[in-house]
Amino acid sequence: MIKPEVKKILLRYKQGTRSEEEVVKAISSGMVETLGFATVDHHREMRQGFPEVIFCEGKTGLQVAQIAKKIVNRGGVLFATRANPKQFSAVKKVVRRARYNTVARTISVTNRPVSKRGQGTILIVTAGTSDLPVAEEAFETATIMGNNVDRLTDVGVAGIHRLLTQSKKLHSASVIIVVAGMDGALPSVVGGLVDVPVIAVPTSVGYGANFGGVAPLLTMLNSCAAGVMVMNIDNGFGAGVAASRINRRKN
Amino acid sequence: MIKPEVKKILLRYKQGTRSEEEVVKAISSGMVETLGFATVDHHREMRQGFPEVIFCEGKTGLQVAQIAKKIVNRGGVLFATRANPKQFSAVKKVVRRARYNTVARTISVTNRPVSKRGQGTILIVTAGTSDLPVAEEAFETATIMGNNVDRLTDVGVAGIHRLLTQSKKLHSASVIIVVAGMDGALPSVVGGLVDVPVIAVPTSVGYGANFGGVAPLLTMLNSCAAGVMVMNIDNGFGAGVAASRINRRKN
Amino acid sequence: MIKPEVKKILLRYKQGTRSEEEVVKAISSGMVETLGFATVDHHREMRQGFPEVIFCEGKTGLQVAQIAKKIVNRGGVLFATRANPKQFSAVKKVVRRARYNTVARTISVTNRPVSKRGQGTILIVTAGTSDLPVAEEAFETATIMGNNVDRLTDVGVAGIHRLLTQSKKLHSASVIIVVAGMDGALPSVVGGLVDVPVIAVPTSVGYGANFGGVAPLLTMLNSCAAGVMVMNIDNGFGAGVAASRINRRKN
Amino acid sequence: MIKPEVKKILLRYKQGTRSEEEVVKAISSGMVETLGFATVDHHREMRQGFPEVIFCEGKTGLQVAQIAKKIVNRGGVLFATRANPKQFSAVKKVVRRARYNTVARTISVTNRPVSKRGQGTILIVTAGTSDLPVAEEAFETATIMGNNVDRLTDVGVAGIHRLLTQSKKLHSASVIIVVAGMDGALPSVVGGLVDVPVIAVPTSVGYGANFGGVAPLLTMLNSCAAGVMVMNIDNGFGAGVAASRINRRKN
Amino acid sequence: MIKPEVKKILLRYKQGTRSEEEVVKAISSGMVETLGFATVDHHREMRQGFPEVIFCEGKTGLQVAQIAKKIVNRGGVLFATRANPKQFSAVKKVVRRARYNTVARTISVTNRPVSKRGQGTILIVTAGTSDLPVAEEAFETATIMGNNVDRLTDVGVAGIHRLLTQSKKLHSASVIIVVAGMDGALPSVVGGLVDVPVIAVPTSVGYGANFGGVAPLLTMLNSCAAGVMVMNIDNGFGAGVAASRINRRKN
Amino acid sequence: MIKPEVKKILLRYKQGTRSEEEVVKAISSGMVETLGFATVDHHREMRQGFPEVIFCEGKTGLQVAQIAKKIVNRGGVLFATRANPKQFSAVKKVVRRARYNTVARTISVTNRPVSKRGQGTILIVTAGTSDLPVAEEAFETATIMGNNVDRLTDVGVAGIHRLLTQSKKLHSASVIIVVAGMDGALPSVVGGLVDVPVIAVPTSVGYGANFGGVAPLLTMLNSCAAGVMVMNIDNGFGAGVAASRINRRKN
Amino acid sequence: MIKPEVKKILLRYKQGTRSEEEVVKAISSGMVETLGFATVDHHREMRQGFPEVIFCEGKTGLQVAQIAKKIVNRGGVLFATRANPKQFSAVKKVVRRARYNTVARTISVTNRPVSKRGQGTILIVTAGTSDLPVAEEAFETATIMGNNVDRLTDVGVAGIHRLLTQSKKLHSASVIIVVAGMDGALPSVVGGLVDVPVIAVPTSVGYGANFGGVAPLLTMLNSCAAGVMVMNIDNGFGAGVAASRINRRKN
Amino acid sequence: MIKPEVKKILLRYKQGTRSEEEVVKAISSGMVETLGFATVDHHREMRQGFPEVIFCEGKTGLQVAQIAKKIVNRGGVLFATRANPKQFSAVKKVVRRARYNTVARTISVTNRPVSKRGQGTILIVTAGTSDLPVAEEAFETATIMGNNVDRLTDVGVAGIHRLLTQSKKLHSASVIIVVAGMDGALPSVVGGLVDVPVIAVPTSVGYGANFGGVAPLLTMLNSCAAGVMVMNIDNGFGAGVAASRINRRKN
């Protein structure tokens, strides 16, 4: 747990070749590591371990490819979100096994079998077909983070029977992510049918007074089903991470 | 159809005692009446006929009472919205038969049997108990305008079965007014279950990012059930008038 | 009314080869159908029957064409909104009779004579020429759903006489859709002239503090003519459906 | 035009007892006055001359009374806006001739006959009775600033005939102030009927998505009648000043 | 004043070949014209007379050209706003004398000497060089409507001396249009320096929390200089019309 | 599992005294119960079972007391949120054991030992002392729903060391609720330190551009720590339910 | 610099009675202190040293008094903001020397001569008299933190000469705080006249579309004078601290 | 100090060939110059002296090049912001020494050694790599204005240890600019760690409810670290100027 260089300094202090002040300063400068903070584990997992995530928006194909190559060479799992086809082509040239989900717009590589850590199944429910890109981003995120993930699509509340006839899927899930644009009403209905954690993701699908997703965002924040939790607009990645945090909990 | 004074002027013009210009001016000044505009009929009904509506907010009890007395003396139907108990007491003193709906905050008097003009039943559906004041305002409005009105209360989407077990009521209605605060998701579900006109009324019930009813307003404007029509926040009166306009249609 | 398979199960239960639990489960799983919900009829009409609606935005030409072909092959009426010329070309190749309204941006095919269900005439009133695309979308929608539809164009309130000289058209309509951008003042004037249902549709026409249609939306929600009902910004399709729901009411 | 002290300094400079630098500095420090800026005239008129305006909101009765007394003692015209009855009582005690307009909530005293400077008539048009406080504030402001002011009340667009039958008043005005809450549609209609300057004042009258006057404010900014000018919400005083600036123009 | 056909009908009525009802209906149907409404004069001037205005946004070059040709053939003055170079090229082909202001993006043709109606000078003041397109649109509008128009450019408040040294121009104007983006502070300063009407036009110039012109719009609505009147964001055309309305007033 | 009345009907059907149609209708009308939906269990727990929640805002003391008595008489657990002291006094008179948390403004009664269902510890972290009411509402909610709940108070990010020295508490929690007003920055820091689920609750604490909690709400939705889930402003109750849903998960 | 207990542990480690791990943990737990972070000095000054600040809003008089007494007993400087007269009375009873600024609504006690740390003069400029409460809060804050503070009041831009004749005061300041409501235009003018740091504070003074200070906030953020820094609405305290941070800089 | 032409006029006045009025007018017209206003010095430095700043957005390459050439020919320092590569190419052709920072999008030329005026070091801290363009704009601005500038990058609060291990850099700075998008939480943490002036710059980096930078803007305005000053969204240039104003203060 104690880093070698800290050991060395403490030894020298014992031997009298380092002052008190020097010891304190040395330990402090390496503070976070030596504290054994979960942050560290967390970061290792988030950045160097499983999902080393690249946010592609605003980067060139070359830039994404260079970062991707470095990650894969270190033996890590590669995961990139908001990637366009051009960026994938650039990555593909340097990382052969790279896989592209055209709907989710994610690039992924898994060098070694994922050590499954999620306990139950994460179910991703969508209201309409146009919510799929966000839902797929959540799907890919939760999958690469080691979870069993299932889907229930096109069950918007304007045809409520479509949802009700799927009660089995709903009740066998451990965590449910509900992705919905337009009126964003679906999480309220789902939240009332189940008692597991429900994560709502508003999408920018819609027109007029949808205001790029603000309408469903407000709907979800005001859900009459108690306990519905809300992500940012179109944030499928965040929903996948949140569901994964819940699912891998050991208690 | 032609008002007496217009007749008189035309006669005089024929007799040569009025010029062309005078005829044109005379007719024009009385123009709206002579045109036989429905506006006139409409206004007679809206203001002098059945529901002579007083908007009480910002008026003193005395002011409301004086207007009320004048209306009743003319033999008209009295209807007042947004009335507080003090205003009702003042009215009660001068108009004995005045009736107060404490939830809807409306005052009403019907001097003579209402000539029923509505064809079918207007159903008012509410999500939660706190939506009742707005729903009752719609109920009183639609009733005094001569419609059969029914209620379906506390059937919010977080407990969707409560709504589904009431399919009979939903399907026997000619027009449905759905009143909902918080997430405002109920009209989408109702709009998907029926094929009659659905009028959605957002309420300012809720807290936090409800923003005084903006959240359900946006939800309803973005309803995924095609054809849902929306009223202003808390506007139960407007919903009652709109439903009445639909219900009394003869086609 | 009862589906054959349900009949079979009940028979077997009577014969003793099915348990109570099995009967309940079987009926429930087919619940929505067996309930004889209007939802079903409604959906049949909305989706498989007359207007099978495709929302084209965000779909490729190929995708739209494939869906369109399937619908037409099943003998259904085809209706697509927000379609661009490319999408129409793709559809045209597989569905010869497809018709494109370049202003409304709708594609439609009617395989068989529409069984007229609307009772009266739906009148579509527009303030300016730039509101036409939204008005035409409403026109096409209401037409394909089996209504007589009429138009009254370019009668904005800044030249109020243009509207007033058309009182005949206004008063012969059963339902009026008013489409207006900029200040959105027209529905208030129309709502004061007639006593039939008025549906207001704000458009995103305008600049500066129009905020993509928010200005006329707010105007309409606050209409001083009681009972004006409001649709989402640019939602001509929704207005057409709403007017159709009102017009086909039998009471 | 040149202030005595400046004359003195220039004389001394001529006599050699003041340096160049001292002259420049002296003139500059008194710069605005000596420049004969209209600002000065303007301020004299706005503050010490005719309408010495006190904004009462947030001031105690005593404070308002003290300022009022000082102004009247200097012989000036007194004008106070947003005054409540308590503040008026306090003023009344020290300034006997003070007059209170309970609707406009203004206090005024005119010590001497107002030298009429306005050329034509300012007409103030209101949509509903609840817009009267703002309209009256504009009326009192324009009156005390020396204009002929006329009123046209309760001519909202939902009963458009009420406005049209008043064309004479509309066409004899030199400047028109239109005060309207709710949908704020009236200025567009008025602006289309006349060709004189039209000043629109939105009021915070309404409820729900009126947002304290934002709805009519946006309506007016987006007026389809070209050239309508807009004031801040409820700003009757500003409208009165603006109309007065226009009316007293000599060209 | 009375249209020939009305004369004819009245004559026939006198002769007994037209009934009372027919006379009333005939006059009413031609009502606006026969009323001698200023609207008519106003419209003649606004549409058929001097500035026949085409709003080019969203129109094809061909469409603009066709409308332009029709106007010019009728002998009218041509004026088009928000025109791009392509639209101008199309117009140029059919209307040789058409002139294009590349900054204002206006097209104009004046077939005959403008009968000057404006009394004084309209001064257009701008804060920064990027406000010029809006200022030029106002300039062209006011000019073609028959006013003397002057400019004062680049006198933003961050260098207040630039404005102060131009007091002569400010004080010789009859109406002042102030165009400003960013903080929109200039109209407040100008409004405090002069006592003529001040029209403020916010522009969408700026970035970040400028919100496309909302920031200067709010600044101007809240101007601490009493009587500043505000136009919609970027609405140079409206400001030109408003200033023209003020300037041609005869009182 | 099958309700007695359903059993009875099936029996009669077998005996031939009920038709097929009657059986289907009877089962359907009791449909939700017979389906064995988790909704039912969920509702039993949420409404009749453990936390029967009363939202007190807008109710009289008497109303709250009457509901409370009914719940306790049925043997249920009583829980009321947003209760003021007056409402508590009214409840106290009829339910002696009622306990009031003055900070959380909750009333609670637990008739029988809570069957602990939560697996780990829920930690509630607050930025400032003024966030306590919301945090306490979450505390009381999570406690009565059968969870171990711990607190970490006054560890706002402006004194980041206060949080860092509490790493032990942070890392021993199963779920973390972070309550913060003002800048709402705390959840981002906490979310970066731990890998368990983090629920962020914005509070309306702050002034100026806090906009009643909108500022921290947006901060949290945009958290740079992936996977932070957000509740509505001041919604401590919702956060408690959400955390409880997560904590009682069996996987 | 090293705390005694750390010294003790290091000694024991040297003597062999403490393990390496124990040393690291001990130092880390006391980490912030031992690191010699400026945070510590900063906090000492901010909290235990000079201005120990109590934010009074939402606290009872008793609570404020108790905290105040504790602070003064420790010998610290007392400073409380947003204090109402009742809270001051409570404090006055236990801390005799407490001083109340009724305009700024601050309570302060300085037990010992303030060791002046500010280098130059902080000038506080206000647009109107209603901005004084915020300006005074800034004044009291900057004063108690050891700065020379000066004032320049009522120099709003609508009377620009009032500001210009005060150039001496403006140019002798080291830091300028500009407090303005309504249009918030003053900081732009001041920022253009001087080259020292300018801190702008918007106030919620105004009505209509001022939106509680949002209008001047946006104005200031968009200031055309480069380098103007902005505080939250009404945040006089924050401006005082910011100016003090700038003024005590040693470079 | 006194301009030659003023001298001449004063002389003539002494000789009697100029009247008093003429002297006053002459001095006034040249007023700002003769007043020795710092404005002048300030402007000389801001515009003709060191950083003559060109805002490139909306200008053609040719326009930028022409202005640039003029400035350099006058011997000035050239500085241009928001420049795209095309604009730089155009400048490069006429000004060989022009340097382009592709990240900051600035063009700069320093003809002569910058006379260093800044006293200490300005530190620019960024949360994420996507904040770099804004940070670099601030860097280039502060550098060309004669300051020592340092950077601390990618130290967002989701990995708080990255910031804490850099305490040395933080504490050696005289002024700190913190650039952050997404949740904008970084300035609060930095503001709590140091006691020097902190300038926060929100960036439009993020998606969904980031609203183009509004989310971090509100976060920063509500910072719980007292005294954090805020710039407009993406306004790196303004932050550089503000920091420079602070750093060159002499006190």
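For reference, chains read A, B, C, D, E, F, G and H in written order, and residue numbers begin at 1 within each chain.
Note that contacts are C-beta pairs under 8 Å (C-beta built on N, C-alpha and C of every residue); 3 or more make two chains touch, one makes a residue touch a chain.
Since the model is a prediction, treat every value here as computed from it, not as a measurement.
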Equivalent interface positions on subunit C and subunit E, same or different at half: different
Centre-to-centre distance between subunit G and subunit C (centres being mean Cα positions), rounded to whole Å: 59
Centroid spacing, where centroids are CA-atom means, of subunit F and subunit H in whole angstrom: 50
Shared interface positions of subunit F, touching two or more other chains: 31, 35, 37, 39, 159-160, 164, 192-193, 208-210, 214, 217, 221-222, 226, 232-233
Chains that touch, pairwise: A-B, A-C, A-F, A-G, A-H, B-C, B-D, B-E, B-F, C-D, C-E, C-F, D-E, D-G, D-H, E-G, E-H, F-G, F-H, G-H
Sites on subunit G touched by subunit E in the complex: 127-128, 156-160, 164, 182-185, 188-189, 191-193, 206, 208-211, 214-216, 218-226
Contact set on subunit G toward subunit D in their complex: 130, 159-161, 164-165, 207-210
Touching residues (chain side subunit H, partner subunit G) in the complex: 35, 37-39, 41-42, 45-46, 53, 119-120, 167, 170-171, 174-175, 192-199, 217, 221-222, 226-233, 237-238, 241-242, 244-247, 249, 251
Contact set on subunit C toward subunit A in their complex: 29, 31-32, 37, 39-40, 43, 55, 57-58, 202, 204, 213-214, 217, 232-235
Residues of subunit A defined as touching subunit G within the complex: 1-2, 6-7, 10, 13-14, 20-21, 23-24, 27-28, 31, 34-35
